[in-house]
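Pasting the structures here.
Two complexes are shown next, each including subunit A; its partner changes from subunit B in the first to subunit C in the second.
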Partner chain A sequence: MTLNLRTSSAQRNERMAAYLFLLPAALLLIVFSLIPFLSALRLSFTNQPLVPQLLPDGTQRSADFIGFDNYSDLLRVQLVTLEPELGDDGQPQRDDNGDLVYPRARTILRGSDQYEGMSELTQFDLFGTRYLVAASDPTWWRSLFNVFTFVIIVVPVQTSFALALAMLVNQKIRASNFFRTVYFAPVVTSMAIVSVIWFFLYNPDQGFINNFLSIFRIGPFQWLDHPASAMLSIILMSIWQGVGFQMIIFLAGLQEIPENLYEASALDGANAVQQFRFVTLPSLRNTTIFVAISTTILAFKLFVQVDVMTFGRGGPEDATITPILHLVNEGFRGSQRVGYASAIAVVFLLLVLAISLVQRRVLTQKEA
Partner chain B sequence: MKVSRVLLGLLLVALFILPMTASAQPAEISVFFHSGRGSERDALDTIITNFNDSQSDYVAVATELPEGSYTDAVNAAALSGDLPCLLDFDGPTLYSFAWRGYLLPIDSYVSDDLKADILPSIIDQGSYNDHLYSLGVFDSGLALWANREMLEAAGVRIPTGLDDVWTLDEFDAALAALKEANPDNFILDLKMNYGEGEWFTYGFAPILQSFGGDLIDRSTYESAEGVLNGEAAVAAMTWLQGLFDKGYATSTPPDDNEFINGNAALSWVGHWEYNRYATELGDNLVLISMPDFGQGAATGMGSWNWGITNQCESPDGAWALLDFMLEPEQMTIMTDANGAVPSRISVLDADERYAEGGPLNIFVQQLQNGVAVPRPQTPAYPVITSEFAKMISEISSGADVQTALDNAVDAIDADISANDGYPSM
Partner chain C sequence: MTTDSALLRAEAAARARSAQTRKTIRSAINYAVMIGLAFFFAFPIVIMLVSSFKPDEQIAGDMRSLYAFIPRNITTENYSCADYDLATSDCSPTPGENPGLFERLPFGRIYFNSVFVTASIVIGGLLVNSMAAFALARLNFPGKKLLLTAVIAMIIIPFEALAVPLLLQVNSFPWIDGSSTWINSYQVQIFPFMADAFSIFLFYQFFIGIPKDFDEAARVDGANIFTIYWRIIVPLSLPVFATVAILQALTHWGSFLWPLMATRGFEFQPLPVAMRVFFGQAPRQWGDIMAFASLATVPVLILFLLFQRWFVQSVASAGVKG
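On to the complex of A and B.
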């Protein structure tokens, strides 16, 4: 009886201790993550500006609830079929190359109330018909396209590159600590500073990179100044900056692999490539999953380098705009529409959450 | 941002502590001032000291805020009810502040005599919704600085006043002649090195206006459609883009010295370069009024100006201080320090640089004769200027003009409709 009582009070004490240990973390999460998110969710249904108007009595004008307007302004897309321009003879007009002449998208979109507030996102030809895709926020879709491009290139390239570097600096050679430090140095440097330095390196006229390439008679490239190369420039620089972090994680993983696996495989006659394929890679599976998922999430948050290197524009011509930069520009710069920016935040969070879940599912299934 | 937060914190402390200590006779007039160049700051300190010494009813206390985040700091102060009595702001920010309900109309304070002596451009800039909200101690001037020797060598006629300004064809011919005489140089300095910002709107919107376009439809202030992307606007910006394409100007100048080192024959910039240019070029420097691109010459105007807030306990005292700043002696302390155009006609007449025949008289003529166009008097201005500057950046590096203008129009119209057309209260 007494024994029983004692255990249950000990259990209760333990449970209390567990909650006490949980408390600081839970409190921080609630205050800095949950409450801000819930408040963003609420704001996303309002037209809250960053700086409200002051009423004559000194109080602030309160925002109106506008339902799902922010979400429809963000996501509304419409497909329009374009008819070729007809000439005076009633036949479709052709330009000097013999291509059909279509009216300007803006003329069509401004010509009818049903397209109010929409702008051209893109045009494409399918089965001889020209289609126009109009969106109420083309920048948002462009930013998604850009960030997916970034993720699809950066995640595999940076992960493989990090693994290669890790294997290099894992060699038992002299000065390997020196190389580890060199590869890791960009990671500990502030991204803002790295961005400023690379901004100068990329300068088309006086930058180091073009000057260096000119020795081999390559270039000059416009780098950040041209829509076609701007995102690539951001990608190169981001990989250079971030690869050291993944390298360190891979390095830790490599050093966990027991030496006897390599010895045994060597005795079985495996060459270096086979050792990599059948010993190193399988042993690094968990490390690789971690690196791939964390790199993906980090890559989706692309912001600082674009903000610094394009002066917050995501230019030229929206070529480097990202969802986070678009969010910041809508909420805190220009029109300062905090309600709309909150809607972007909510949609973007759901998107990244969904992708991470799918990725986790796919990567861990391989194990089974 | 962090610096401004700290300053804001200090300011809040100051606002709480100072009234307690100064609860004696003189009422306190708190002042916000953007920290610009050092000479401007010293001039303001001198003027504040002079004001405090000149009378015993009020004590003015100035707080300096960093220019980069000045508007943010003012917005934050407004929302927490901590606005000062008197504050300064860059020209068109006024309309956004007035619309947000920070400012008190000052019509009743300004006597007819004073109003008649103030440059009409300053009155235009300070007016919103049929009320006068602000007055400035100085205005700005934008025209073409020219290198006389280079123009004469290329056989280019030098206009002398507003009546004989270059026409578009003449200006094009002049640029072509200058380029031919100096084929390796960018002969027109457009100060692209200032970067994307207010300069682009201040400096290049006049081209748009002189071609017959504008930043927004000023009859309603509800849309830029057809005005900023109409035929005239496209012609104007195509012409501007041509300056880069033809090699007259560059969008990436190596430094700020293209004009003084003799590479550029013309410098498209404001009054603030006068002292430097005059020192370097001497008699060789000549100021030319803005060309007429078809619909009459146009130029920029406006600068930092002062308004009284409605959170001020003694607006009379705030006006006393503003009135004091506008006195000729105090005004000259400021304009001598920053080289800007004094805002009172009587002061201008007494200054030999601005008087008829003076080297800077062109600025006065432009400001007095309606050549200077105020920037749009609407709370949407912050978005208008940011979109216009973005458009200039894009076309200067080769983007399609019509598309860039359409995008700017869409962004401006979207902002106005998101704010229900900025209804006043």
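On to the complex of A and C.
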């Protein structure tokens, strides 16, 4: 009886202590993450501006509920079949190369109310027919395309590069500590700062990189100044800055692999490649999953490099615009449409969530 | 017989020699690759440091040759400053020279902003996140499972997606000094980042691995829960504290998007945001920019050099692998 009483009072104490310990973090997470998350959801259905309009009586004009308008403005796309221009003879016109001549996208989109507020995203030919893809926010789709390009290149390249570096600096050789430090050095420089340095190095006329490559008769490249190479320039610099971090994580993983696994496999006649394939890689499974997932999430948030190196424009010709840059430009700069930016935030959040769930499932399934 | 064994011995010696040669060649290739990579990772940083000691006019021209890496016509004009005022971190221009970094912006103040904000987040964060993880890992209370799931779910939410609504929210937050907004302040850069789901998760993973016997023995001795946290769990968990501190420090030393939105001038801006502003300001003098970048980078590099070996160990023992 007395024992029972004592345990229950001990339990009560423990419960009280638990809540006290949780309180500061919980409060901060609620105020600075949960509430903004809920208000992003709410704002995405309104036309909330960044700076509320003042009404004549001095009060602030409240935002209107506009349903799914922000979402449809963000996501609406339409496929338009283009008919070739007809000549005076009623036959399709051809240009000097013998290609069919199509009307200009703008003429078509301006011509009908159905396409109001939409502009050209891209055109493509399929089975001899020309299609025009129009979107109400082509920049958004372009930003998705760009960030997927970034993720698809950076995640595998950076992860395998990091593993290779970790294996190099894990060798028991002289100066391995020195190399470790040099490879990691870019990680401790902040991204905004090295973006400026690389902007200087990438300069097509007098930058160091083109001058250096010209020794090997490579280049010159336009780097950030040309739409075809701008994203690749961002990718190269991002890998340079970030790979050292994953290297350290892999290095920590490598150092946990028991030495006798290698000795046993060497006795069985395994060569270095086989040891890598059958000892190193399986032992690093969890580490690799962690690195791949965290690099993916980080890569989707691509913003700082692009903002600094393109002065917030994501240029040239939207070649480096990303969802987060688009969000900041819509919600904070320029039009300052917080409602619209919140819709971008919600869609982006769902996207990142879906991708990391799928990735987690795919990567952890191989276990069996 | 003797000739046979002599032959065998000679053959073995030759084989050993060629194995030795092969080993030397392999080791040479190994070093060549590692030195090439070292060049790849170091060249921007070396160019930055060397250029910061050159006159503005010379920097771009030197990129055409090895001079990019060689200090010549060394000058400290990019760093120069007559009568530095510690309070305002202003200084008057040195006569007869291009205005340098310190003469163009209150660099000391900006530096302090970065250090103060980063240190506050790291120290405050270590406390609140480890406390929360302690409750989740080692105490019993209703709703524990649910809270743990919530924390793990929050790891995925990118802060970037919350920035704009958060900006509206802090715009009308009161502060203890009587002001009615958090915009353009230190607190706006500190409190949103103190509690961090990923840090809680790292602490949780470590704490759950500490044997229960430790707390039970202490409880029998009459220790209360706060003593167990402070006297037993914290001292046993130094590697995870170190790892979380390093991860948080690296993240917030580079903090960019949020201070870009929530601060207005150099009074509260941290280094990365000030760099973007400075970079966009005419005249764009590369010497000053390189001096800025060097000063923002070198102290952190030195810190890393000092703690390098220890850092790898702490990442390994804190089990940063999800």
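The definition used in the following text is that the second predicted complex is superposed on the first by the 368 of 368 C-alpha atoms of A that agree within 3 Å, B and C clash if a C-alpha of one lies under 4 Å from a C-alpha of the other, contacts with A are read in each partner's own complex, and residues count from 1 in each chain.
Note that in this section contacts are C-beta pairs under 8 Å (C-beta built on N, C-alpha and C of every residue); 3 or more make two chains touch, one makes a residue touch a chain.
What you are looking at is a predicted structure, and each value in this text was computed from that prediction instead of being measured.
Asker: Name the chain, either subunit B or subunit C, that contacts more residues of subunit A.
Answerer: Greater contact footprint in residues on subunit A: C.
Asker: According to the stated criteria, A:149 is in contact with first (subunit B), second (subunit C), both, or neither; which is it?
Answerer: It touches nothing on subunit B or subunit C.
Asker: Figure out whether A:240 sits in contact with subunit B (first) or subunit C (second), or with both, or with neither.
Answerer: Once the two structures are laid over each other on A, A:240 reaches subunit C alone.
Asker: Taking the superposition on A as described, I'd like to know which of subunit B and subunit C A:119 touches: first, second, both or neither.
Answerer: First partner only.
Asker: Which of the two partners, first being subunit B and second being subunit C, lies in contact with A:177: first, second, both, or neither?
Answerer: In the superposed model, A:177 contacts subunit C only, not subunit B.
Asker: Which of the two partners, first being subunit B and second being subunit C, lies in contact with A:185: first, second, both, or neither?
Answerer: Touch status of A:185: second partner only.
Asker: Using the superposition on chain A described above, determine whether A:29 touches subunit B (first), subunit C (second), both, or neither.
Answerer: The answer is second: A:29 touches subunit C but not subunit B.
Asker: So in the superposed three-chain picture, is A:335 touching just subunit B, just subunit C, both, or none of them (first/second/both/neither)?
Answerer: In the superposition, A:335 contacts subunit B only.
Asker: Once chain A of both complexes is superposed, is A:311 in touch with subunit B (first), subunit C (second), both, or neither?
Answerer: After superposition on chain A, A:311 lies in contact with both partners, subunit B and subunit C.
Asker: After superposition on the shared chain, which partner residues are touched by A:8: those of subunit B (first), subunit C (second), both, or neither?
Answerer: neither
Asker: Starting from the residues of subunit A touching subunit B, keep only those that also touch subunit C in the other complex, and list them.
Answerer: Correct list for subunit A: 50, 206, 311.
Asker: Can you tell me which positions in subunit B touch subunit A when the two form their complex?
Answerer: Contacts found on subunit B: 75, 78-79, 81, 99-102, 195-196, 225, 252, 254, 310-311, 382-383, 386-387, 390, 393-394, 397, 399, 406-407, 410-411, 414-415, 417-419, 425.
Asker: Under the stated contact criterion, what part of subunit C meets subunit A in this complex?
Answerer: 27, 30-31, 33-34, 37-38, 40-45, 47-48, 60-61, 63-65, 68, 127-129, 131-132, 134-136, 139-142, 144, 147, 154, 156-169, 191-195, 197, 200, 224-226, 229, 250, 253-254, 256-257, 261, 271-273, 275-276, 279-280, 286, 289-290, 292-293, 296-297, 300-301, 303-305, 308-309, 311-312, 315-316, 320-322
Asker: Once bound in the complex, which stretches of subunit A touch subunit B?
Answerer: Per the stated touch rule, the residues are 47, 49-56, 58, 60, 106, 110, 117, 119, 204-206, 225, 311, 313, 315-317, 333-335, 337, 340.
Asker: Along subunit A, where are the residues that touch subunit C in the complex?
Answerer: Those in contact with subunit C are residues 11, 13-15, 17-19, 21-22, 24-29, 31-33, 35-37, 39-40, 43, 48, 50, 165, 168-169, 171, 173, 177, 179-194, 196-201, 203, 206-208, 211, 240, 244, 248-249, 251-253, 255-256, 286-287, 289-290, 293-294, 297, 300-301, 303-304, 307-308, 311, 324, 327-328, 331-332, 338, 341-342, 345-346, 348-349, 352-353, 356.
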